[in-house]
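The following pair of complexes shares a single chain, chain A, combined with chain B in the former and chain C in the latter.
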Partner chain A sequence: MDIDSILRNGLQAAVGIDAIVFALAAIGLNVHFGYTGLLNFGQAAFVLVGAYGIGIGVLYFGLPLGVSLILGLVASVILALLLGIPTLRLRADYLAIVTIAAAEILRLVARANSFRDVSGGSDGLSGFAGSYNALNPFPVGDYGFGYLTFDERAFFNIVVGWSLVALSVLAVFLWMRSPWGRVLKAIREDEDAVRSLGKNVFSYKMQALVIGGVIGCLAGFVYSLSRSSVQPDNYGTAFTFFAYTVLLLGGAARVFGPVVGAMIFWLVISLTDTLLRQGVTNDIIPSYILDGPQVGQVRFMLVGLALMLLMIFRPQGIFGDKRELMLDAR
Partner chain B sequence: MRDEPSGGGSRKAAATAALAGVAPEPGVAKPDPILVADSVVRRFGGLTAVDVAHLEIQRGAITALIGPNGAGKTTFFNLLTGFDQPDAGSWSFEGVPIQKLPAHRVARRGMVRTFQLTKALSRLTVLENMRLGASRQAGENLFTALIRPLWRGQEISITERADELLSRFKLDAKRGDFAGSLSGGQRKLLEMARALMSEPTMVMLDEPMAGVNPALTQSLLGHVKDLREQGMTVLFVEHDMDMVRDISDWVVVMAQGQIIAEGPPDSVMANSAVIDAYLGGHHDAPLEA
Partner chain C sequence: MAPPLKFLLLAVILASTIMPTASASAAAFGATAATGGEVLNVRLRSEDRTPVGGVTVTVTAPDGTEVGQTETDDEGVATFDIPEPGPYSVEVDLETIPEELAGLSLAQNPRDTRVDPGTPRNLNLLLATDPGAVRETASGWSTVPQLFVSGLRFGLLIALAALGLSMIFGTTGLTNFAHGEFITVGAVVTYVFNNIAELPFLAAAAIGIIATAAYGWVNDAALWKPLRRRGTGLIAMMIVSIGLGIFIRYVVAFFLGTETFQFREYAIQAGIDFGPFSLKPADIIGMVLAVVVLVLAALSLLYTRIGKATRAVADNPALAAASGIDVDRVIRVVWVTGAGMAGLSGVLLGITQGVSWNLGAQLLLLIFAAVTLGGLGTAFGAVTGALIVGILIDVSTAQIPVGGITLGVPTELKYVGALVVLIVILLFRPQGILGRRERVG
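== the complex of A and B ==
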């Protein structure tokens, strides 16, 4: 067993691009679900819009990177408005149905053959991050310390990504300690009560949907620019459910919940993956129990098992307050 | 107005005097109505839940809306406060038509309601519940919310006002607790106190006594009377006849969606139409229908 590489992979995953992407997506979900109680099951759609916004902006419209970023942001705001206007006046479950459907529609349209010129069909788009990588201020070399050493490109991605995470966390912190955040939390508890106190509930829910969606869009930026490619099938329903897992793992309605949740999620995935893989290659795990190609599936089973144990023994997540969960929330 | 001394009963005398000359008949005009409703109809499929021809609510008085189960009291309440849309009808609050306004706009005009099933916001603290009630908060705007100095001063004055109300409602010891940890009666108190944070002119209470233990009932009654002493108008739905007799200046009786009687408590309770509506032929049955 190569403990060294297990630790290295695990720690790198905990601060890597995947952790950043899911931290951002889950911070957005936290604004939706954790604070406002909006059951958004289509967070993948906002990430997709961000990722494709850059890809289509640069490759199809030939826009500079900065304009393409704005295109992505505007598209995510429009998506939030389109989803919210018909559904936010209705009961919460409708938003869940509409968002999960909208996310799948967007993904299927993006991968459709008819739009191959624009969105690249099932292959997606690639090679649009040239001007982003040109911004990299770090000269060629290795950065970081110990296990957390990255080459200049990976390091740039990580710095940009964690900066966006930090900004999002700061914004959420500032919002949620304000009276504005108080209205959102009150809407989560009972919208009629908030309405009876003279607050425009629809408007607040819309603001929350837009903000969470824009943060999700940032996840799409990081995802696509770090790989210089977008693939439609990365944005399936599994993406949204991973983001929910991350959120619940860290603790919903906690500022740092999604960040720590994302780090732990990817750490555990990496640890189980490398452990199982090394077990198989070194014949510690006999091949009649598990072989190489099965590892990828089994690690997600273990993650599912871990999530079940978490929900049984620590349903409030890592940062949550159990007292709060025990209250009867109608 | 919250600083005025309460008790005294001066406003009770004024309300009684103002209503003394009003004939006890359905739809009668009041000397100084704050709320006037005309031909309000609400149907659920084939059932006409509310069919109120005319109703005026006297300013500064405590008016009780009573009636047997299914009389349409809560539906009427929901209509007036914008929580439900009527099939027909109009009503005005302080002379302004409000039948088209959404619930939050009605509340901003100064007509604030509570609910039959108490809506304490469980996972907010008692103090946060109170602060939420205050209206026109700068910090409730998306952009100013980010910059604390823009709303900090207002938050402090809101907190002061909340603490005053909490001590008046004897909830100051619970200030930092989650509202979900309060008892049923304490939640009713909190809901009423929270509604007062918006400094309303009219308070609509939907069954304020439902599910409250008897020890708290007297205290709640006192608070309702207090609202009148501070110049607010109160309209409340209630089942408990003793409470209605004790605190209301005027009683409106609904049955099968219509207003069948109006008048001072004692005359209404002697009215044969009311007794029939409540008790049918079985006069021995308890009054809590």
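== the complex of A and C ==
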């Protein structure tokens, strides 16, 4: 057992790209689900749109990176409008079914061979992050301290990613303490009461859907630029449910909930992953109990179990406030 | 707090006791490695889909280091132990392909691929004379009857699962995201008893369906009933069902492996020719069975005591309880029969498309589409919706030339059509075909 590398992997995962991506996706979900009570099961679609927005913008249309980013943002706004118009007037579970269906439609279309020229089929796109990496101001070398030492590329990704997380957190904090944010929370608690006060509930819900979607789109930017590739199957339904686990773990309707949730989620996933993997390679865990590919499946079992147990025993998450979130269907 | 936890543990144990018999067999398939890393399976076949053995395949990491080099076996498969997930490049040494296949090539060589944690990456490579060429598919109006019939068959199989989902929604208000796992459990238990315990297929199928019904009972008794008692909100329960679905899915993957299996007595049957279309005997039996079960379910909903009680609970649970109906018992019956029918659907689907750990999960959204189309919470709506979705999926792939352009959905996108219809339906008639306005709320 190499305790050193287990700790290193764990801590690096807690601040690494995966934690950043899921923190951003979950901040978006927090605006949808935590504050407004919208059951968006298609957050993966917004992330996909962001990631493919850059890839397709740069590679297919030959646009500069900055314009491609705007393309991704505009596409995510359009997606939110398209999803919202048919469903926001209906009951919560309709939005859930439509968003999950829309996310799968986008993934299936992105991986389709018929559109290989544009979106690269099931292999996805790669090699579009050149001008992003050229922006890296850090000279070659190692940055950080102790276990958290990264090379200049990884460090650049982390700095950019956490800056976006910080900006999103700040924005959500300011929005939610404004009168506008209080209307959103009121919609979550009792839609009809808000309507009777003369507020346009549909419009508020739509604004929340757009804002959460745009934050999800930022997650797609970080995801694709840090890997300099897009893979369609990374944006399946599992992505959305991981993001839900992150959100519920940290605490929905809390500004820092998604961030703390993402760090804990990836710390735990990485610790169990490396522990089990090392156990298997060093023959501490016999191969008839567990072998290589099964380690990855244990990760999903943990996520499923965590989602169930959290929702049953502690729906407010680690730092949440139970009064904030009654989680009841209308 | 204590009783639900106890029940939950019971559920977990019960759910996993079905599986141990399968774990012994998974090793026999030899596609998994005993090291700590991931697995990449490269399968090489020639144009007529026969496996090509004895060909050298090399896998290299992105930094150029060689991860492994091996020859494909008689099945055309070369298995690599990959140290960690990530992008890799697979190169086939075309010098080593058998002489009679000389001159054939691959669409991409070396081919870039990505190994993800948890699931072995299966890469299929096809040797062809002109790998870039698009294969001709049958087209025109003449293909429509065949597509209609295969869509009808698919629709009937979805209907078996959709009916249960819709009735569970109707009686409890829960949108059950773990419903696909009933299909998987039905198929997998049948596979275990058919292939490992070597029982005859019909006996194994009966055990599979009964086991799924029992699993439905456990679902309600151990999880949903305690949650209802506690007054857990519907949205919270929906998220619990997502967690349950993920958990069960990967428990199955853990013990069964991630390959697709065929039942022991599986054989490729010749279709019986009916003129404009042909059907395999197994498909005909499956369709007849599905129709019989659906009609029985419909008749019992309409005429039996428990069926009438079910409809009463779906209509208004409080009123039903006030009129002396045992609501909990009705809900229990709905879970058990709904699960059993989904299990039958799994067995029938397993015959045609093989048994795999995510058989049900792949179909879940189509089942949702069917139920929403027909009207959430209605029984006959779910069946109608399922038939429409099934037929639509297959018929939409007919390639029909109209004035120089070809209309039709590429086969790889056929599920997309059904999902788009789902969204459009919600735009114009959110209550579904047979639903009533007030359900939409």
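Rule of thumb we're sticking to: the second predicted complex is superposed on the first by the 307 of 330 C-alpha atoms of A that agree within 3 Å, B and C clash if a C-alpha of one lies under 4 Å from a C-alpha of the other, contacts with A are read in each partner's own complex, and residues count from 1 in each chain.
Convention: contacts are C-beta pairs under 8 Å (C-beta built on N, C-alpha and C of every residue); 3 or more make two chains touch, one makes a residue touch a chain.
All values reported here derive from a predicted model rather than from experimental measurement.
Contacts of A:Leu248 after superposition: chain C is touched, whereas chain B is not reached. In the superposition on chain A, A:Leu24 contacts neither chain B nor chain C.
Contact with chain B, but none with chain C, is seen for A:Arg182 once the two complexes are overlaid on the shared chain. Set against each other, chain B and chain C touch different numbers of residues in chain A, with C touching more. By the touch criterion stated above, A:Val169 is placed in contact with neither chain B nor chain C. Once the two complexes are laid over each other on the shared chain, residue contacts for A:Val201 go to chain B alone; chain C is not touched. Looking at the shared chain after the overlay, A:Asp190 reaches chain B, while chain C stays out of its contact range. In the superposed pair of complexes, A:Ile158 makes contact with neither chain B nor chain C. Contact with chain C, but none with chain B, is seen for A:Ser229 once the two complexes are overlaid on the shared chain.
Counting contacts by the rule stated earlier, residues 327-330 of chain A appear in both its interface with chain B and its interface with chain C. Only residues 1, 4-5, 8, 23, 27, 32-39, 81, 85, 87, 112-114, 116-120, 173, 175, 227, 232-240, 242-251, 253-254, 258, 365, 368-369, 372, 376, 410, 412-413, 415-416, 419-420, 422-423, 426-427, 430, 440-441 of chain C touch chain A when the two sit together in their complex. In the complex of the two chains, the chain A residues touching chain C come out as 39, 85-87, 90-94, 96-98, 100-102, 104-105, 108-109, 112-114, 123, 229, 231, 233, 238, 241, 244, 248, 273, 277-278, 280-281, 287-288, 291-301, 303-309, 311-313, 315, 326-330.
Within the complex formed with chain B, the residues of chain A that make contact are 171, 174-175, 177-183, 185-186, 188-190, 192-201, 207, 323-324, 327-330. Contact residues of chain B toward chain A in the complex are 81, 83, 102-105, 107-108, 112-115, 119-124, 128-129, 131-133, 135, 137-142, 145-146, 148, 151, 155, 178, 180-181, 191, 194-195, 197-198.
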